[in-house]
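Next come two complexes built around chain A: one with chain B, the other with chain C.
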Partner chain A sequence: MEKVLEVKNLRIYYELPQGIVRAVDGVDFEVYKGEILGIAGESGSGKSTLALAVAGLLRPPAKVVSGEVLFMGTNLLSLTEEELRRIRGKRISMIFQDPSTYLNPVYTSGFQVAEVYEAHRGGSWRRYVGDVVKLFRMVKIADPERRVNAYPHQMSGGMKQRVLISMAIAEKPELIIADEPTSALDVTIQAEIVELLNEIRKETGSAIIFITHDLALLLEIADRIMIMYAGKIAEIGRAEEIAKDPLHPYTKALLSSLQYERKKRLQAIPGSIPSLISPPPGCRFHPRCPLAFDICSKKDPQLYRVGGRVVSCFLYGGDHGGSA
Partner chain B sequence: MSLARYVGIRVAQAIPTLVGAMLVMFVLVRILPGDPARLIAGPEALEQDVQRIREQLGLNKPLYLQFVDYMSSILRGDFGTSIKYRTPVIDEIMARLPYTITLALAAEAIAVAIALPLGIYSAIKPRSKASYIASVLSLVGASTPIFWIGLIFIYVFAVSLRILPSSGADTPRHIILPAVTLALLLMGNLTRITRAAVMEALGSNHVLTAISKGLGSRVILVRHVLRNAMIPIITIMGIQVGALLGGAVITETVFAWPGIGSLLIDSLFYRDYPLAQGIILFIVFVFIVINIITDILYAYIDPRVREVLWRAGRS
Partner chain C sequence: MESGEILRRVYEARRRRLREMWETLKSNRAAYVSLYVVGFLVFIAIFGPFLTPYNPYDFDLSRARQPPSFAHPFGTDELGRDILSRILEGARYTIGISIASVLLGVVIGVILGLASGYLGGLWDTVIQRIVDVMLAFPTVLLAIALVASLGQGVASLIIAIAISTFPVYARLVRGVVLQVVNEDYIAAARLLGKSKIYIMFKHVLPNSISPIVVQATYYMGLSILLASALGFLGLGVPPPTPEWGAMIGSGRTYLFSSPHIVVFPGVFIMISALSFNLLGDGLRDALDPKARALLRRG
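Entry: the complex of A and B
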């Protein structure tokens, strides 16, 4: 399988007056052509920072401290601003969380989508109105000829998200990063948007990184899932494997919190996500882990291979390895 | 819904404002101690002469009747006759208006030419030298009394260096000192508001979308930052021009600039009721007009405002 993206040992820190926030702290993963990689984690797990870094949209005080982001073999972190600009929107595109604030209220939706073509093909945006109508039809916006002239405030949330999606697929990019694309929408609209992304993937062959805190959603749509905890990877595996046989204790806890049964208490994970300014020593999950043993508070687990899967837990590797 | 209709509605809505403002100033002018009849008659006049002048001017009638008389003459297009100059009030205002307009536009032009670039630049580069200059300028502009700046300017440029005239409006060079003084006052606010508005627009999410589309940084700045930042900037510019067109009272007085502001001061000192009333009425009118213009500009910039305006106009 062709690798679209390869992230190696990526560390992104926020340098704040209160201290250094280790938002992403040594992350390695790949994305293959045409697949949907789901990234799941709680708020503050570093998943959105990771998304912005891959899209080349990090802004101060966020800073890449180490690592490489190889897109089709080129390290994005070593490119100039102009080289990045040519990739953004054309080869890597982004879909954001809250459609109502990610569109500019003072321009028509059609203009804002046409700007993508203007940026990469040149000429006036007016030349591309026809293409935008086609895109709108593709993302199932009703009455596209009229909607290109509508302003964001004249559209519903779901429709605005479709406009943002049409922007992201305009140039059929190799990689689309969707950061919580459905969190701000109604549940029924959520399902439609997810379905739409799936169709687009099949049609354009784009790989999609789908970021969400909604693990149940990922189990349905993702090919592979990466679980993040406190700036690190907990485990990566195929969606079926994660669902049936989770390896990491955190993944297990997440799954059991999903299995809701009547008259049974909701299985919450005790404790809360640690401070990323002074994370706990050793494995960052150990204070909340029911299976922690002595090594967990002393050493940081590496990513251990278990079959075709990757997991960061001493139960599966290291000197004091357990069952694996 | 046409623009003309919208403006017509806005003007109609302004009538109660105008009447209210007239009532307030009518009473206020008369609360001032001092009697115009006695001022005209002179200190040695007989009481019966003063009384005669009072009757001529209609000042012996009860206040509410005076107000009714004043209103009805305004409706007939007659703004009264100046007590001091014995000419129609409207002529006096029209004679001074070109000076005030020139000074106002010159000062605002200087302020905008410096404050907008400075504010924009310091928003983009908040740690630059320009940003510190902008902060200092805002602070100085906002906290220094204008008559003091004016007097310092006169001392430095007119008295010590003798390179610029200090008062009057005889040559084009006469406008330099009052315009720069006023501009300094305006710049502080304008820079601060511009900086804040641009910073806010820069931080908004749709700018992130614009970057992720692959737009160049200049296109992003002009289309997605500055256009969105324009509303607060236009508001403050409208207020400033409105205030200046009503006569920059202190500056015009310090530099003996023959505009509306110094005329107002003059008329108040002389208890020239019709003239003072006429000028204040004019100032209120200017503010209303400027407000309508800024609202139309908002609508031009922001489609959401446009919709609300049109809807309000239709009902």
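Entry: the complex of A and C
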């Protein structure tokens, strides 16, 4: 399958006065054409920083320390601002968490969508009004001819998210990054938006990176899932495999916290996510890991292949004598 | 629905929006009245000289310092000139100078403020240091120095006032821009592949406009006073031009014996400054779609 995106050994640090925050610390993964890659992790696990880096939107104090972000073979990190501008919105687009703040309050929604065409195809926005109405129909905005003239404050949160999605898919990008696109919406609207993204993927063939802390949601819609913990990858695998047979102790803990039974206590993971300024030595999960053994606190696990999957845990590889 | 029909609807919605703006402005009583007052002031600034009952420059010491009467509704000044005629004649100087100098100052200030706040880095440092230096000078002193070096006249007065007031706008705009730039929709615009200059003027500027409008209308009044102050010091429009501030300056000696010489131009200055301020207040609400919706609902 064709690789749309390949991230190699990416490290992004925030250089703060209190110290260096290793938000993303050596991450490798690929995204293939037309798939939904789900990225799950707790708050502060580095998933949003990763998304911004792929979109080329990192701002100081965030700094890429090492690595490559290859989009269709080109390293995005080596492009100039102007070259990036031509890719953004056209070949890579992004959907955000809180739709209400991502629309400019002084313009109508239709104008703001038409601007995407204006930016990449030239000419006046007037030429693209028809296309905008078509897009609005595609993202299932009721009464699209009227809605193109509506201001953001005249729309509901779900509708604004649809407008933002229509912006993101306007140029049929190869890659859409959705950073918690449903977290700010009602549960019923959430389901509709997820369904919509799935349809769009089928229609346009775009690959989608779907970032969320909601693992249950990912198990339903993602093709493959990447679990992040404290700036590192814990595990990558197909959604069914992760659901049925999680490898990493962290994934196991996450899954058991999902299984809800009446009259039984919620299975929380003991402890909390470590400081990224001074992470624990060795495997970053070892202080909370029920299966940790002596090497876990001494050495950093690599990504080990297990069948078609990747897991970063000494239970599955490494030179401590365990099986590889 | 075909594209032409949709576009027709877009234009219809735009007309509806303009109507809404108008309604919002109208619902603000003070602003609505001010609109007419400003309209009237602009009218006399243009047509005043054709409406003067007497020649505003003809003096007749036998009629000096007459109080208001039917023949001279606003009385006569220390040289026997008809004050009404002088006010009508002088409107174009006072109103014209304040509008032109504020416009010029706003344009310079907004461009520098935008560049400073949005482009940042070296732009910000250089522009803000210039602004710092200019703000360190007292406004009037700076204006005096500028007029002295540019020479007396309407044009140099406008330039002097504009240059001595633009740092205020530049500072104000920079502050607002620094806030707006961090809004998510600016990041979204960047992400959609729009150019920096486009985002600066099309997305950052419209969201920073309301404090600029308020400040500019406030400075309309202030620049009238600044022009008057310069006139008072003999650096304004050269006499015998009946610029309102200069009229007050020359009549101040008779403030107690013949107050009408000072009061009438003073009232006109006050009315202009006040109506520009109130109009600015109404405009700010009318231009903001959110405030518009709120006011219409309430």
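Side notes on the structure shown:
One rule holds for everything that comes next: the second predicted complex is superposed on the first by the 320 of 324 C-alpha atoms of A that agree within 3 Å, B and C clash if a C-alpha of one lies under 4 Å from a C-alpha of the other, contacts with A are read in each partner's own complex, and residues count from 1 in each chain.
The criterion applied here is as follows: a contact is a pair of C-beta atoms (placed from the backbone, for glycine too) under 8 Å apart; a residue touches a chain by one contact, two chains touch by 3 or more.
As the structure is a computational prediction, the values presented were derived from the model and not from experiment.
In this superposed model built on chain A, chain B and chain C take up the same space, so to speak, and clash.
With both structures placed on the common chain, the touch criterion links A:L57 to chain B and to chain C. In the superposed pair of complexes, A:G130 makes contact with chain C only, with no contact to chain B. In the superposition on chain A, A:R305 makes contact with neither chain B nor chain C. Touch criterion met: A:H120 reaches chain B and chain C at once.
Judged by the touch definition given at the top, the superposed model places A:G110 against chain C, while chain B stays out of reach.
Of the two partners chain B and chain C, more chain A residues are in touch with C. By the touch criterion defined above, A:E145 reaches chain C but does not reach chain B.
Once the complexes are superposed on chain A, the part of chain B occupying the same space as chain C corresponds, among 25-33, 43-51, 61-69 or 97-105, to 97-105. Within chain A, the residues touching chain B in one complex and chain C in the other are 55, 57, 85-90, 93-94, 96, 98, 101-107, 115-116, 119-120, 151, 153, 164, 167. Remark: chain A residues 55, 57, 81, 85-90, 93-94, 96, 98, 101-107, 112, 115-116, 118-120, 151, 153, 164, 167 touch chain B in the complex.
Those residues of chain B whose C-beta lies close enough to touch chain A in the complex are 204-206, 208-217, 219, 223-224, 227-228, 301-304, 307.
Those residues of chain A lying in contact with chain C across their complex are 55, 57, 85-90, 93-94, 96, 98, 101-108, 110, 115-116, 119-120, 126, 129-130, 133, 145-146, 148-149, 151, 153-154, 164, 167. On the side of chain C, the complex with chain A involves touching residues 1-3, 6-7, 9-10, 13, 183-185, 187-195, 198, 203, 206-207, 288-290, 293.
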